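Below, chain A partners chain B and then partners chain C, in two separate complexes.
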Partner chain A sequence: MVKYALRRLWQSLVTVLIVLTLVFLLMRLLPIEGYFADNYDKMTPEQREAVLDSMGLLDPWYVQLQRFYGDLLRGDLGTSVVYRPNVAISEIIAIKIPYSVRFGLAAIVISLVSGLAMGVRQARDKGRLWDKTWTGYIVFINAVPPAVYLLFIQLYVTQITRLPILYRRDNPVSWILPAISMSLGGIAGYAMWMRRYMVDELNKDYIRLAKAKGMSNKAIMVKHVMRNAFVPMAQYLPTSVLLTISGSIYIESLYSIPGMGGLLVDAIQRQDNPLVQALVLIFSTLGIFGLFLGDVLMAVFDPRIKLEKQGGSR
Partner chain B sequence: MKKVLPVLLLCALFLAGCAAPQATQTAATARPSADFKTVYAGELTTLNYLVTGTTVEQEVAANGIDGLIEYDNLGILKSSLASSWEVSKDGLTWIFRLRKGVKWITWEGKEYAEVVAQDWVDALKYSFNPKNASKTANIAYEALKNGAKYYKGEITDFGQVGVKTSDKYTLQYTLEKPIPYFLTMLSYVSFLPVNGKFLNEVGAKFGTDNKNILYNGAYIMSVFEPQNMRVLVKNEKYWDAGNVHIKKLEYKYNKEASTLAPVLFLRGDISGTGIPTASLDEWMKDPAKKAMVHPATTSFYSYFYAFNFDPKFDAQYEPDNWKIVVNNANFRKSIFYALDRKAAMITAEPYAPERRLSNTITPKTFVTNAGKDYTEMGPLAAIVARDSFNKTQALAFKDKALAELKGKAKFPVKMPMPYRSDLSDWSNRAQVVEQQLEGLLGKDFIDIIPVGYPATNFLGVTRRSGVYAIQECNWGPDYADPETYTDPFFPGGTYNWPEKATGYIEANGKGKYENMVTAAKAEVVDMTKRSNLFAEAEAFLINEAFLIPYAVGGGGYVATKLEPFTYPYAPFGMSELKFKGQIVMDKPMDSAAYDVAYKKWQQDRVAALQKAATSTK
Partner chain C sequence: MMSANERSALQAIEDQSLFTFAEYDEQAAERTGYSNYSYWGSTVRVFLKNKVAVALLLVMMSLLIFTIVQPLLPGQKSPTKIHNDPQTGIQIRNHKPGGEFWFGTNSIGQDLWARIWSGTRTSLLIALLVGIWEVLFGIVFGALWGYVRQLDALITEVYNVVSNVPNTILMMLLAYIMRPSFQTMVIAMCATGWLGMARFVRNQIIIIRDREYNLASRCLGTPTSRIITKNLLPYLVSVIVMRIALSIPGTIGWEVFLTYIGLGLPIHIPSLGNLVNEGRAAMMSPSLRYQLIFPAVVLSIITISFYIMGNAFADASDPRNHF
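So, the complex of A and B:
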């Protein structure tokens, strides 16, 4: 296990370095007008040069890269140059992360509890009204663009229920709709996969043996089917939890939640290079770490899964 | 009375030509007003008004920081933190005496220091330092003596720059050359003050949030939470508090603000909303909603269709062929007269398209000279009086162009026309313009190719890169002089490079338009002559069809509780961003009431302009 972890760590480090360097170089290929918002035409050439100089963009790319990695080794994520000039990136992120994590975790809890329950019920009542109704829900969520139904919910559900239309920190009632909206896709996803994996398990020989031995349906479902069906889904759970930090672009923008959602897109559009690099570093690290945890979790749930190669014929 | 003698001496030295300082305002009493609430989508990146160039960020400065002068709701320039001023006979030296007792206030409402003349010097020293990357410093450093030299590093002693204090409350500017409209420039961010001690204390943190700036204006920012909300509250220690009626301005961030705003307004959550063109019919057909709607004022942004004289677009659109035809005046004129601007404007302004159409680059009522509107001067008067859309003339010029270009150019001429695909109005307008021009002139003559681009860096990849044959462009003024509308077309501009047009080069090797504008700029004594010279230059640009004037900005319809015509009015700068003087009414005004108010405002403004013109003689 230790060897496996070290090997994965090394691979992860190389992956992150490659990704970071690529993003670093790509950002510097963007046109320079993007650094000036709407002011480009009204500025003199000297002013434009001064702005680029203040962002460190007049240095050769390898000098900029060296400076970036040097700061990183000192634990300095850098300072924003366009998104919020002269503000430490750690400060920007520290304000936003709690919002995204809170809503993200709430959405995961709602999705897991509701989605898994729905999927189990669907598998148990396969082909009946319940299964068909919830399949309709899953098809709707997957077919209709989220932008459509989420906006519909915000405009019309708030009208009917008198819930606040925008999030306000000092009004807990305004937290309800965003959390539920964020979980809708997850509910459909967990239900769909849970149903599918459970149906697959129900058709296996060991289940027939269990039934032949006289085990109750409930015991079969809980002790065998659900547990085995959950294993493939467990792989993605750590990543989902860790990447709540990245926020939900659309929900946060719709309900005015000042989270991380959309921050990376904003940073790229505004060409705030240090912020883009910091966010790519964070998200790629979390994503890679999440995958690693997922593999470990799968091995925990299913003892047959070995993380390292065993000696022997295979 | 102590200072009467030196003032008299100064007046003897500095002869007429000085703007008459306004009398001290009588103390006003604040009127009752509800709080102002709104949603917005464009977030502030900084509150550092000494460096920012974006309108959204300048709104904070407009409401939190006062400068030397300001405008009233009729557009008359009056004193703000400068209680009086004089200008020398040669127009190079301006002296301002400050109002005493004005305070710098912290975000918590505590007094920090008194506002003194040194604050203006400190502000310019900061913005003239290239390391601070001010995007608006050029407006000041190009005007002040040695300002440009200091910025470029040719001199290092800031003491040589044309700004200094004579005493604690007296500020002196020395200009590089006489600027007749210099007073009007002082309303812009480039000439706002800052407390030097505070600036040094906070260093690079200045303007990063509401706690790291000081306020001397009508409002203080009490809450600043990016991507969430910001709140400005009335500065109770403000020197003109009696003219500040709205006690609280609340801004709530939402990326879909333009979509949600009408809904929020109808629910009573915000004070006003623009009505999207796509929803206008729905509002106008509903009596209850219609009663809340009135036209929005137009702005002084000028829109025009530019012909590109330095094409760099893709070979598939035949840029070499375009270069040949665009240098044929008759070809340009055929399109100039063929464009049905009203049809194009209906895509954005379906109910009253004529309201926004403009026949000139400089909009009407932007500046007046001796009571006469600039657009009525010289050859511009004839241009203003007619609609450029004329089918007969268009076809006549087409025939001439075909005869002159026979064997030299290939027809139909490909004309790539970029537009922003995220803006539905513009997408529709591009189709309308294509169909209308090709329908009139023939698809065997021109092939207009609308090319959609995303919003990100749109101007960078299209207009500035020369990747267009014809493009809808716009320009906003920086000061109250016709010169401001020549900047896009003067050499060094990034619009359409008319200096590269063939057939207009004069004996000195420069283009005719450039020479005309240079001569106009040089006239700084006789303002009527100056205006006439600019009018001739602008008429030349239009009559030779270097571009097609199209419209002014703004317009559309709004539903708002803000009482119209109470905000400080000026055709440029930050005045219209100010909430000083504004009132939030109990209910919105309908179009009929708005028209009455507008007529009264126009009458009052004409009278005030005449009075101001008389008092300066």
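So, the complex of A and C:
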């Protein structure tokens, strides 16, 4: 087990290193305007050269790459150019993290609790009205782009319920709608998963045996079905948790929540290259780390998984 | 009693026929176990039983035909022409839907009806290109991955690296690095979708390659082309069609998202993403909301239809649902 986790950790670290290098090299292909604040047009070519030189952007790529690794090891993500000129990116992000984490955690709790409950209800009432209604909901959420239905939620739900249309730090009522919006996709995902899993599982022989020997339905649910249903879910849960608490790109920007996701949109729209690079690195690293945790978690939860074979085939 | 001559001649024939491949003879093959089961017949039959999916299929077929022939119909306006009032020469801005402009005009006086159909064409074209790429590249890559054992470890590593990075981030990064254009959009979206397909094909090939019925087919001298069409393809075609169908809602969704964060198509190309984004700019004033609602409704009808049809087809193509 420990051996497997260590090998998987090593694999993830290598992946992180490859991704860091690729992203850094890709970012070198960008137009140089992204390294200037709004004074780009006023500068003479010599001045531009001087600015780029002072940022070390004219050095050969391997020198830049080496410096980039060195900076990362010291926890230095570079400085912002356009968004907040000459402010360290780590400082900008530190302010943003608490907002994203708070909304992300709320969204995860809401989507897990209601999604799983909904899926269980659906499986029990399979084929009846309740099941069909929520299947309709799931189809809608999966088929219609979030960028469209979330817009309509913001537009009409705020109108009907008189909730505020934008996030305000001093007004907790304005936190409700973003948190719910963030969990809509998760609810559909968890419900769909739970329903499908339970419908498959309830027809299996070991459940029939459990029923035959007089186990109560509730005990069957908790001891057999839920536990088994959780195993495949364990693999994706850490990734979704990490990416949710690091901020929903669309919703934070829609409701002007000052979190990391909204920051990425701002950085892209204002072409702040160093900031985009730092955020892309953070999000990718979280994604890789999440999958690592997921694989380890799955191995912990499911004793049937043969670790040696699993490590080789993945 | 056979003569010695006859016996040795018979033996020679026997030996020969034992050690040469049997000719493939369709009649002989059918004779062993006749069944009128046909994979495609059953797939179509099960699909047709799903009334909702069939209705949506008809709707989508008419919509597709309409988007293609719409510019050729009489009385249609250009999607990019800015209409001016003939008397005053001022642009007809934010004109309400009505007789002249069926879906109204946008904030600079372009005809929304024409823009929506032109946008639908653009978005469906992107979706189709991405879907086809996903399938083609996914199958080629997946086949190499599954068949060439030396490549397995290498491709698995490549897969691990690429699939570890969140899709959204990869797509945003690529769209950010390249200049906004039709090509950028297609390339950014093509970068991630093939992963799932390649993995599926690889797993299918590894499973099917060594199955007994395949081994038996090979031993009986079945030509490779027949193994591919009869043993392998039925497993894949259903997934291919489903992938293309489901890539349409996915691609349209990504396009709306990328447009929102400012990485979409240039604004002079009408697309569903650009239209939704333009509508969003006007949505705060209730009288202009039609500019958001019309594109959003058309978009949602398209994505929901393809999603439901794709899933219905996936169900229908699963042989377990054929009886």
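By our rule, the second predicted complex is superposed on the first by the 270 of 314 C-alpha atoms of A that agree within 3 Å, B and C clash if a C-alpha of one lies under 4 Å from a C-alpha of the other, contacts with A are read in each partner's own complex, and residues count from 1 in each chain.
Basically, a residue touches a chain if its C-beta (ideal position, glycine included) is under 8 Å from a C-beta of that chain, and two chains touch if they have at least 3 such contacts.
Computed from a predicted model, the values in this text were never measured in an experiment.
Peer 1: Taking the superposition on A as described, I'd like to know which of chain B and chain C A:Val144 touches: first, second, both or neither.
Peer 2: In the superposed model, A:Val144 contacts chain C only, not chain B.
Peer 1: Looking at the overlay, what does A:Gln269 touch: chain B (first), chain C (second), both, or neither?
Peer 2: A:Gln269 contacts both chain B and chain C.
Peer 1: Which holds for A:Val51: it touches chain B only (first), chain C only (second), both, or neither?
Peer 2: It touches chain B, and chain C stays clear.
Peer 1: Tell me the contact category for A:Leu155 with respect to chain B and chain C: first, second, both or neither.
Peer 2: In the superposition, A:Leu155 contacts both chain B and chain C.
Peer 1: Quick check on the superposed pair: does A:Ile288 touch chain B, chain C, both, or neither? Answer first, second, both or neither.
Peer 2: second
Peer 1: After the superposition on A, what does A:Asp205 contact: first (chain B), second (chain C), both or neither?
Peer 2: A:Asp205: touches no partner chain.
Peer 1: Between chain B (first) and chain C (second), which, if any, makes contact with A:Ser253: first, second, both or neither?
Peer 2: both
Peer 1: Between chain B and chain C, whom does A:Val280 touch in the aligned arrangement: first, second, both, or neither?
Peer 2: After superposition on chain A, A:Val280 lies in contact with chain C alone.
Peer 1: Applying the document's definition of touch, where does A:Leu166 land relative to chain B and chain C: first, second, both, or neither?
Peer 2: The first partner, chain B, only.
Peer 1: If you lay the two complexes on top of each other, which residues of chain A touch chain B in one and chain C in the other?
Peer 2: 30, 151, 155, 253, 269
Peer 1: How about chain B: which of its residues touch chain A in the complex?
Peer 2: Interface residues on chain B, with respect to chain A: 39, 45-46, 48, 51, 53-54, 130-138, 142, 151-152, 204-209, 225-229, 252-256, 259-260, 263-264, 267, 269, 456-457, 459-461, 464, 478, 488, 493-495.
Peer 1: What part of chain A is in contact with chain C in the complex they form?
Peer 2: Residues 11-12, 15, 18-19, 23, 26-27, 29-30, 139-140, 142-148, 151-152, 155, 243, 249-250, 253, 264-265, 268-269, 276, 280, 283-284, 287-288, 291, 314 of chain A touch chain C in their complex.
Peer 1: For chain A, which residues count as touching chain B in their complex?
Peer 2: Of all residues in chain A, those touching chain B are 30-31, 33-34, 36-44, 46-47, 49-51, 53-54, 82-87, 96, 151, 155, 165-166, 169, 253-256, 258, 262, 269-270.
Peer 1: Over in the complex, which chain C residues touch chain A? Could you list them?
Peer 2: 156, 160-161, 164-166, 168-169, 172-173, 176-177, 249, 252-254, 256-257, 260-263, 276, 280, 283, 289, 292, 296, 299-300, 303-304, 306-308
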